[in-house]
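As written, the chains take the letters A, B, C, D, E and F, and residue 1 is the first residue of each chain.
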Amino acid sequence: MALSHFDGKGDAHMVDVSEKAVTARLAVAEGFVRMAPETLALISSGEAKKGDVAGIARLAGIMGAKKTSDLIPLCHPLPITKVALEITPDEALPGLRIEATVKTSGQTGVEMEALTAVSTAALTVYDMVKAADKAMEITAIRLLLKDGGKSGRFEAQ
Amino acid sequence: MALSHFDGKGDAHMVDVSEKAVTARLAVAEGFVRMAPETLALISSGEAKKGDVAGIARLAGIMGAKKTSDLIPLCHPLPITKVALEITPDEALPGLRIEATVKTSGQTGVEMEALTAVSTAALTVYDMVKAADKAMEITAIRLLLKDGGKSGRFEAQ
Amino acid sequence: MALSHFDGKGDAHMVDVSEKAVTARLAVAEGFVRMAPETLALISSGEAKKGDVAGIARLAGIMGAKKTSDLIPLCHPLPITKVALEITPDEALPGLRIEATVKTSGQTGVEMEALTAVSTAALTVYDMVKAADKAMEITAIRLLLKDGGKSGRFEAQ
Amino acid sequence: MALSHFDGKGDAHMVDVSEKAVTARLAVAEGFVRMAPETLALISSGEAKKGDVAGIARLAGIMGAKKTSDLIPLCHPLPITKVALEITPDEALPGLRIEATVKTSGQTGVEMEALTAVSTAALTVYDMVKAADKAMEITAIRLLLKDGGKSGRFEAQ
Amino acid sequence: MALSHFDGKGDAHMVDVSEKAVTARLAVAEGFVRMAPETLALISSGEAKKGDVAGIARLAGIMGAKKTSDLIPLCHPLPITKVALEITPDEALPGLRIEATVKTSGQTGVEMEALTAVSTAALTVYDMVKAADKAMEITAIRLLLKDGGKSGRFEAQ
Amino acid sequence: MALSHFDGKGDAHMVDVSEKAVTARLAVAEGFVRMAPETLALISSGEAKKGDVAGIARLAGIMGAKKTSDLIPLCHPLPITKVALEITPDEALPGLRIEATVKTSGQTGVEMEALTAVSTAALTVYDMVKAADKAMEITAIRLLLKDGGKSGRFEAQ
């Protein structure tokens, strides 16, 4: 199998999607920030009364999704029509779970936008809490769902 | 313990570093892209003869580091003086290991720049290989080393 | 009434416009920079012989309109099809009046693009003249007209 | 008096600050968003239980300050060391008052950064509330205080 | 003949393309970096065993094409559907020849995107090799081919 | 001779300038846009009465200089302290001559900023005049002068 981002000589290019149909596209991605239990407690209490870590990370994720084609060299620019993030505490990890949903109607999918939204939100959580816990880990970022376009539906197992 | 990115009322702000000394700062971060063994084989053979996935991801990571303060809402803009990435196959994972080293002389550290470089490189790997393997996972992104500045040296365990 | 940028839980998101029709959209906004009469005289004479404050502000406004979705967190990226600014002296104020007209054919309106064009042009005027007059005021920025889309025509009174 | 952004021929340039000393610089700016009383009530209740308009606008203002030299053609890029915004309801207006404080140690002042922070926050308020009230006005944006540098202290009257 | 980027008063604006049809657009541009023969030898050997100047310049050109409307004040933002660059040694020059092909389906052409891709790639070559040869020249950047849209096909002679 | 942008393995990196002294740096670059004599006449008359091609290109060049480290992958971000462009008709070419001067006090030179300013201004001229003349050529972009830093003064011959 060949990688579509390289031509016959092995040179990277932005894949030609001119002939692809404009269809409704959807992608959902998730990721986690693992942290010490006290750090999670600090964030949770913070959200209640001292500062909204999850709210800021959610906004950063939305803005990050809009920068995807600027960050990822071979990504096509796309007019995103929806971005939403959900950030929820995960006591078992312990840490935060981040889920991003992105939609567009365009000629390519929005997997990279959803993954970039999750990554940017996770980095933002790290930034805001790093004074308390430098050993946090951003982990298990993956695509959960992709729909629309010729290659069809993908669901993570 | 309070989170430094929030003031007494819980409002987020960009922390005042005006009074901090300009010192040499170093940060090293790592992360992984886990994939199917055949995907890793495809990349490795690709690097030899058909297209340089790691080379493009390395470049994306360097450029990503320069966008850190644009991506992370409360990050200070910093004149980075060095960025280097190393991307190596990890047969045991299987997948790729990404390591980023960032330096500056400034008033705040470059942890976020190193973590953003790793994240951007990992997303770029995903983008270039996703036609072959949508189930890849970006994982275990963490700070390995931080040096310089008042809070002193941090080494991951 | 609920604010559309927040979901049921109060979390901010980029509103889903996937199902909205692609229609012709138009917005016109205005704003003012109030200044000392001598400052206005300086600009007006400058335009004639020493430097084109209004011309530079007009260009900054056009470029600012293109950055709207990068500046405003929950704004959708839009392929703008026209931007024009008019900057005229207003002796009564005294100061400059700025008017921006923006068009697109898209799934959401261009009010924010028109308002951002006016704001950026006004800030640019301030920047170029601030050595002479730091007490200038950017004022009365508002939407004059919006047309196209389901919510229909709006005209300021 | 000549405008410093134009040379002898009237051509615009970025003023040479190479010889200026690196000193601590501070600027404070303010601005307002005037709205219908019901709109202000909607935001205030929203902040309490349904969505944080002021929090998002504050963050947009901080990020906007970092984009100043990208937005304003002749502005020098500056390593900002602090940005903070305060957004408070003003029942008399009625509307919101926005105040931004910016610091750096550099060769030019941060007036434009403070004014850009206020403008961006105001535009963000408009964006989030425009579905309820298109007649809002962004008004009275001005510099309150500037300190540091050769031209000395400026205080608005 | 009038220049379309200026209105009747001579003020610059972004031309209104709202009424133009969305059609398939193609542009091809070329340019050269002239250098000392030893510099070309250094690059060519480098590509084989010590570093891939052409590969990095090609990637920079692709990313540069995506920034066109951000760089060129009156350019419309466009959803590019394909970018590819070819960089080949030209022993006769001596130096490198750069060719960029850009496609979109939109309301305006992609000439500027193709020319910006070539320029950015040429600047990147200069940057990577300047320690060895500061006298290099970026030269003969021109449009080779433009197709699609009302003004029809253009081919350089 | 080795290329400094590649490490021992041939991998590209952003060169470490942490140990270099902060000194005053200056660079001057030039370039040309060759066009049909009637095109030059159109621009020249335009400048007098119908629109300021050179003024807009000059501004685009200044803003382009500020984007250098965003465009050129391995360029260090630098706090530019001065940018000026001169654009003059060259009847013999025929066409326009563009000269850019950039200053900073930093740890690396500003050659790339000066060359990027010239390139961006040249592209902007092409954009504004392309409706009249698609056969224009951007040519002979080179470094004229570089001063400051360890590698010393360079003057083009």
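Simple rule for what comes next: a contact is a pair of C-beta atoms (placed from the backbone, for glycine too) under 8 Å apart; a residue touches a chain by one contact, two chains touch by 3 or more.
Because the structure is a prediction, the values reported are computed rather than measured.
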> Expressed in steps between touching chains, what is the minimal separation of subunit D and subunit E?
Replying inline: 2
> Measuring centre to centre with C-alpha atoms, which chain is farthest from subunit B?
Replying inline: C
> Of the pairs given as A-D, C-F or B-F, which one copies B-D, with over half of its contacts the same by residue number?
Replying inline: B-F
> Between subunit C and subunit E, what is the separation of their C-alpha centroids in Å?
Replying inline: 31
> Between subunit E and subunit F, what's the gap in Å when you average each chain's C-alpha atoms?
Replying inline: 15
> If you average the CA atoms of subunit A and of subunit F, how many Å lie between those two points?
Replying inline: 37
>> For subunit F, give me the residues that contact two or more of the other chains.
In response: 11-12, 52, 55-56, 59, 63, 67, 70, 73-74, 79
>> For this structure, enumerate the chain pairs that meet the touch criterion.
In response: A-B, A-C, A-D, A-E, B-D, B-E, B-F, C-D, C-E, C-F, D-F, E-F
> Okay, in this complex, where on subunit E does subunit B touch?
Replying inline: 52, 55-56, 59, 63
> Which of the residues in subunit C end up touching subunit E in this complex?
Replying inline: 24, 55, 58-59, 62-63, 66-67, 79-86, 103-105
> If you look only at subunit D, which of its residues touch subunit F in the complex?
Replying inline: 7, 11-18, 69-70, 73-74, 76-79, 106-107
> Okay, in this complex, where on subunit A does subunit B touch?
Replying inline: 1-6, 10-12, 31, 42-43, 46, 49-53, 56, 59-60, 63-64, 67, 70-75, 111-112, 115-116, 119-120, 122-124, 126-132, 134-143, 146, 151, 154, 156-157
